[in-house]
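You will see two complexes here that share subunit A, one where it goes with subunit B and one where it goes with subunit C.
Our next item is the complex of A and B:
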């Protein structure tokens, strides 16, 4: 007596064959999912009490990063400006704009504006802005083209693989210190060579390698040691 | 000594192909579920629910509910892991190595020994995961393109363990399943119940028993046996590396790999006997699992037990001969320290008592063998306890000495895995043929090819 229909042969073969693909797709999918904005929030604008536009203030008005983020060169924390910094200008211009009412309210009451943190590293990571700035890591290397962000979002995934990408080969990203706050900095190429200490560079690797020495970067073994960031 | 010239038969005379098949398949297909089975399964199931409770609370509260702390960071979890994985070794040894050595007596016990291996490996596999601080991240143990862009530390034996145990589990499962296929087809063909026919039929994967099937089957089975053979040695070797690679006195010894493998087989055969003796009694299988099987298993236990004894002797000798004060202190601490009672208990249960197996009468007495096997299982558990706890609790610095006391959660988890193991065994006995039908048939005189 036959228990199974003749088609079972085909179905079982297809199942065995298909299982390989299904498992492969599931694995691939979960690897992609881990890196997707759904998990990392990369390039997803966060709601803020006031829709502050970096594009307008940086690219449009030409305000330097350090005008607001005052402690970025000397402290681990770049600093969120107090309401007074906003009011330096906004007591004069757009002083009646309804959009800025929360700013004025904060100024009147003395209660800080509560911004939503965008570039938020996990608490088990020790991060220091000043060391990165002083060793020649540009703002936009990590934060992306902030001068083209009408609403703020984190440009990078902020995952450990992203940190290690630079920590394992810092010469790929370093730039001269005076270019750190230049949001439109371009790495040297044969078309646009860069000059440093009287020497001309036509590619990033040779410039970066020299900067590693010039700025006395710790060895890759040091800066990729677990306890450098997980203290 | 009046040694008989021919050993006891592997299968009692008077059976034919048909009666062997009837006898084994009827246990699954026609025999009603007995009250004894229900009671046994029920108790084992309840105990394994205790495991679920303990693990649930562990996930809620973390490993702080266990007795582990510095200096004893490895407590029951690792003791039980090594104990269970060791027990698993007998199955692979019986099914693979004895197959390649053409020890046909293995045919009656290989199936349930393999099942026992699988369940023991499942129990063992739980512990390393449970003792992680964050068990839900256990997949970090595997090398995969992760978002941290770091690989597991391949220089660590703990990572080797992951590969050793998962390979072992996979091969054991495949070997067991491939061995089951012809018997699953037998069950499919003999089953009267439509649902059972479909389930066994699916599992049999279209086995028809044609000559071509058998030819391919034998090749595949031999290949798997060849793959499984090195695993018998490698898995417990790697497990012993967890200890031996470190520099702790009591762990840092080269004798560990062979002595761990021997200990694994020792405890594995003890577990096989502890299961085989009641099974053959309750299911009336004395004709298939004969005194010869008991005798042979007891001999294996005696031999591996002596290797283990040599290991203990060597450890003690090196404690003295090395002249290393920490090594000699370890020996002193084992003999006179706070856990000395357990060390003497270990020596009695693992070295002294099993020596009675030199007596032929006891090797074929189910009652005594059952008791001795139980003693050996306790002894092998104590051995791991001594290795893990006594070595850790007093190491180089007196200021960092401490004591280890298991908590109720430690016990509940441990006893729970025994319940889980037994519940799995009960289900296996009820749902699958516990003795390989087709391999038993090859043992019959009928199967012998006669030259015309």
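Our next item is the complex of A and C:
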């Protein structure tokens, strides 16, 4: 007795053949989905109590990162400025703006402003800002063009593959220490060579390799070891 | 991340009498397995019940996990024995000497810190025409007027520490030694504005050579946007 329709033969053959591709596509799709901003929130602006614009304060006014993020060079934590830092200027500038009312309210009452953390690493990762700053990793290498972000978002996925991309080959990204806070830094090229310690560089790899030695970076084996970050 | 949608489960329970169900089964499983796996591995380890800097605590009324030291206690290494170093005052009057020798390294540090914390208002020249006064903040006096040229060094330190007039204090933003470095640099800035060609050591160029890398906000480098288009 014929249970299945004759077309089942074709469908089953196509299915067996197609299953390989379907499974592959599904696996690929789920990996891409897991890397997508839907999961990582990369480049997704977060709501904040005050719509603070880094673009205005950094590019527009030329305020250095460290004016507010005071502990970035010496501490694991870059530091979110206290309300008083806002009021350094906003006691007189835009002092009646309704948008800044939460800031003034916080200053009056002493209650902290509750910002939404944007670059939030998982708690099982040890991360220290100061070591990266002092070894020549620029702010915008990880945080992206913050001076062109009207609202703050994390530029990178903050996933482990992203960390390892640099830890496996730091010479691809390092820059001279005094350029770390330069948001418009460009890597040396044949058009725009860079000079460091009297030597001219026309490409990033040769500059980066010399900086690895100059700043005494630990070996790649050391900085890609599990316990370096998962301690 | 969200938990996987429940609707997937109904596919798994459909009767297997039709060919459509045969095709759906591996499809649904392939879709669900990664979704379930990925969903399962995000939350608890990511947000561990411990305090990272500035994390909220429900235990304290002000919701701050970071606490001030108990009143009347002094942490190791934080006893302010050298009162001139911490106040810039001898008795009630500002002193006119540096608490440590001024080297080139001290001046370089002072210049860097001045450009971060002071230049937004006082400008890099110290003439008080910084970006913030241009936007409406009360104009600070120029360092190059008679009163401030004659002011003792400790006076500048005291103003940075306690504020003066419209200027807020910078005690929380600039560490003590850096404040003294800035004091030394302000004095150098004052001397430089009154300098003549005879003060320039032989072999030095005036003006000095332009920086090799573009300074932030100097216009030395073009302004690409996030999309790579010129604005």
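Everything below uses one rule, namely that the second predicted complex is superposed on the first by the 227 of 231 C-alpha atoms of A that agree within 3 Å, B and C clash if a C-alpha of one lies under 4 Å from a C-alpha of the other, contacts with A are read in each partner's own complex, and residues count from 1 in each chain.
Definition applied: a residue touches a chain if its C-beta (ideal position, glycine included) is under 8 Å from a C-beta of that chain, and two chains touch if they have at least 3 such contacts.
Keep in mind the model is a prediction, meaning the values are calculated, not measured.
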For this session: Consider subunit A as the common anchor and indicate whether subunit B and subunit C clash or fit when overlaid.
Result: fit
For this session: With the two complexes superposed on chain A, say which partner A:164 touches: subunit B (first), subunit C (second), both, or neither.
Result: first
For this session: Calculate the angle at subunit A, using C-alpha centres, between the directions toward subunit B and subunit C; round to the nearest 10 degrees.
Result: 140
For this session: Please work out whether A:222 is in contact with subunit B alone, subunit C alone, both, or neither, and reply first, second, both or neither.
Result: neither
For this session: Check whether A:67 is in contact with subunit B, with subunit C, with both or with neither, and answer first, second, both or neither.
Result: second
For this session: Could you say whether A:15 touches subunit B, subunit C, both of them, or neither, answering first, second, both or neither?
Result: second
For this session: Quick one: classify A:185 as touching subunit B (first), subunit C (second), both or neither.
Result: second
Problem set entry | First (subunit B), second (subunit C), both or neither touched by A:35 | first
Exercise. More residues of subunit A in touch with subunit C or with subunit B?
Worked result: C
Exercise. Between subunit B (first) and subunit C (second), which does A:4 come into contact with in this model arrangement: first, second, both, or neither?
Worked result: both
Exercise. What's the minimum Cα gap, in whole angstrom, linking subunit B and subunit C in the superposed view?
Worked result: 6
Exercise. Do subunit B and subunit C land on any of the same subunit A residues, and which?
Worked result: 4, 8, 12, 34
Exercise. For subunit C, which residues count as touching subunit A in their complex?
Worked result: 1, 19, 22-23, 26-27, 30-31, 34-35, 38, 45-48, 50, 52-54, 56, 62-64, 115-117, 120, 131-132, 135-138, 166, 168, 172-174, 212-217, 220-221, 223, 225-226
Exercise. What residues on subunit A touch subunit C, complex-wise?
Worked result: 4-5, 7-8, 11-12, 15, 19, 22-23, 26-27, 30, 34, 39, 58-59, 61-64, 66-67, 70, 76-77, 79-80, 82, 84-85, 87-89, 91-93, 110-112, 114, 122-124, 144-145, 147-149, 176, 179, 181-186, 194-195
Exercise. Along subunit A, where are the residues that touch subunit B in the complex?
Worked result: 3-4, 8-9, 12, 31, 34-35, 157, 159-161, 164-165
Exercise. If you look only at subunit B, which of its residues touch subunit A in the complex?
Worked result: 144-150, 188, 194, 197-198, 201, 205-206
